[in-house]
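Quick one: the structure is below, questions incoming.
In order of appearance the chains are A, B and C, and numbering begins at 1 in each one.
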Amino acid sequence: MLHLVLFLVFGAICVAGAINLLVQSHPISSALSLVVVMASLAVEYLLLGAEFVAAVQVIVYAGAVMVLFVFVIMLLNAGVEERTKGSRVALILGIPGVLAGGLLVAWVLIERTGTATVGLGALPGFPKTIGNLLFHDFLLPFEVTSVLVLIAIMGAVVLASRPEPKNPEKES
Amino acid sequence: MLSLPIFLVASVVKIVLVIFILLTAVAYTVWLERKVVGHMQNRWGPSRVGPFGLLQPLADGVKFLLKEDLTPPHVYRPLFIAAPMIAVICALTSISVIPFGTAIPVAGHIIPLQITDLNIGLLVILGVTSIGVYGVALAGWSSNSKYSLLGGLRASAQMVSYEICLGLSLVGVLIVSGSFSLQQIVESQRGYFWGFIPKWNIFYGCQFVAFFIYLMAAYAETNRIPFDLPEAETELVAGYHTEYSAMKFAMFFMAEYANMITVACLATILFLGGGNGPLFGPPLLRLILPTFYFVAKVFVFLFTYIWVRGTLPRFRYDQLMAFGWKFLFPLAIANLVVTALVVAYRS
Amino acid sequence: MVPVSYYLILSGILFSCGVIGFLIKRNIITIFISIELMLNGVNLSFVAFAAQWQHLSGQVFVFFVMVVAAAEATVGLAIIIAVFRTRETLNVDHVNLLKL
């Protein structure tokens, strides 16, 4: 019962945040609604017992990635979104397509997993067990992602750094 | 285990008590800072209100409450109001997993001196402090003033950068202690080695480098001198809280000092053995001594904060970033490797 | 006890909101934020499936998704900054030329 109530409350906050993200026209409002979604998702993870994932969700996602977004929005001084017409294809095909796809996926999932239920803290993801999995069974993916992150860092530095100002003495 | 009603009552009592003590501590840390910095600069500091100016925090509080709460035009109102709240809520929340001493028996029940002991206690503190960045960043952005914006930008970049060093310096402690639970981290530091040196992480765990990194990163995270660039008075008026007045400003002020206290508590628990220390005397004294040791260690940290403030000048912004990324970060990784080797050698 | 399907429905709603945002939003940063929303929706279904089948690899997968999302966000935001520097706009409809 407690589980269901908590799920519904934080699920509602999640959905409200997601819809607010769509409705708001200023990017910073959208970013903050996403932070709300992430925080309430962390609670949903806790309900499922994934405490470590919940903590990492808050630290990495809400605390680092979204701060980066907010930082860039502040840096570029992004104003209220301009309304342009956009592509008509997206409007005509996109939204019905998304709704149809979502319904299809939901229908399949409900049909396939309709009866299975999970209790409060169904699968405790302790840091120790997660670490064991991460550094034994998933060692290769782990190392590959670390290389990916390194590449991403270098890419970001190269992309965001200003082109070197030409030295006037050399040119003359 | 406690039964549910007793647990609820105990929790509510503890929460009220902890918040009351924390807010009082915040007020008197401000008093201490003004007094100590005053003496360092050959002044008296607050001395008019009450003996030694001891009632000054009260007068300050009344002043903050009664002042006009200005909202400048052209601010983005929802965030302008929300930002100080985010800052103060995050600052007050993170104290909830700090253990202040040993469990004490009250009316036949063993009550731990901690609001809650979580398996992931340390991660909760890190998460809450990382959310706290929004308070400062949004305050800067929503004020619609260039000084505030610069302060907010500096704050978000600085806090994200130093959070990495902070996290990495804690990993060494985690390797030595083997748990995220603050209670267990304190437990693992009990006892002595070589007869007299306490088994604190800073000594036994060889974490003195991590301690240094933690101290630097913590100063940066709480926006204190020498890393107080988000509110550098000489260049940005008052940085991110330039446009704030009365109670909203007081909230930022409270958040800063509450964060200082949390950081000091965390340093005490992680590196200096929390409430561990020599126990002696009658049973009642044995119960109180750990809390006394804890408070004493926290006080030392707070005093160091103030001392550093009275001593060091402010960094330049590029120096700050270079210090964080080019010095502390490699140092933290080196410390991590060495700690891992030491632990592997011992086991 | 909560049916797993509830979690999956929630994850589906979040994912569709992300897709809709991706399609209707014109600000490049908001589009990026919508992508993050989609990733979050998927993460929830990973954790829910992990709980259903009592297998931790679902939770481990969430870490990889987070790491990849973080990498993607850094590179993406760097690209956004570079685009803004040359075009001085964040509207995707104004960034439709290969060459200035």
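Operating definition for what follows: contacts are C-beta pairs under 8 Å (C-beta built on N, C-alpha and C of every residue); 3 or more make two chains touch, one makes a residue touch a chain.
Since the model is a prediction, treat every value here as computed from it, not as a measurement.
K.L.:
May I ask you to sort the chain touch graph into line, ring, star, complete or other?
P.N.:
If you draw each chain as a dot and join those that touch, you get an open line.
K.L.:
Name the chain whose C-alpha centroid is most distant from the C-alpha centroid of chain B.
P.N.:
C
K.L.:
Could you give the separation in Å between the centres of chain A and chain C, each centre being the mean of its C-alpha atoms?
P.N.:
That pair's centroid distance is 5 Å.
K.L.:
Using Cα averages as centroids, what's the distance between chain B and chain C in whole Å?
P.N.:
33
K.L.:
Round to the nearest whole Å and give the separation of the Cα centres of chain A and chain B.
P.N.:
Each chain reduced to its C-alpha mean, chain A and chain B end up 29 Å apart.
K.L.:
Using the touch rule from the top of the page, what residues of chain A touch 2 or more other chains?
P.N.:
52, 56, 64, 68, 73, 75
K.L.:
Would you tell me which residues of chain C are touching chain A in their complex?
P.N.:
Per the stated touch rule, the residues are 1-10, 12-21, 23-27, 29-30, 32-34, 36-37, 40, 43-44, 47-48, 50-52, 54-57, 59-60, 62-64, 66-75, 77-82, 84-85, 90-91, 93-94.
K.L.:
For the complex, give me every residue of chain A touching chain C.
P.N.:
3-4, 7, 11, 14-15, 18-19, 21-22, 27, 30-31, 34, 37-38, 41, 44-45, 47-50, 52-53, 56-57, 60-61, 64-66, 68-69, 72-73, 75-76, 78, 81-86, 90-91, 94-95, 98-99, 101-102, 105-106, 109-110, 113-119, 122-123, 125, 129-130, 133-134, 137-138, 141, 145, 148-149, 151-153, 155-160, 162
K.L.:
Of all residues in chain B, which touch chain A in the complex?
P.N.:
79, 118-120, 123-124, 126-128, 130-131, 133-134, 137-138, 140-141, 149, 152-153, 156-157, 159-160, 163, 167, 180
K.L.:
State the interface residues of chain A toward chain B in the complex, per the touch definition above.
P.N.:
Residues in contact with chain B: 28, 32, 35, 39, 51-52, 55-56, 58-59, 62-64, 67-68, 70-71, 73-75, 126-127.
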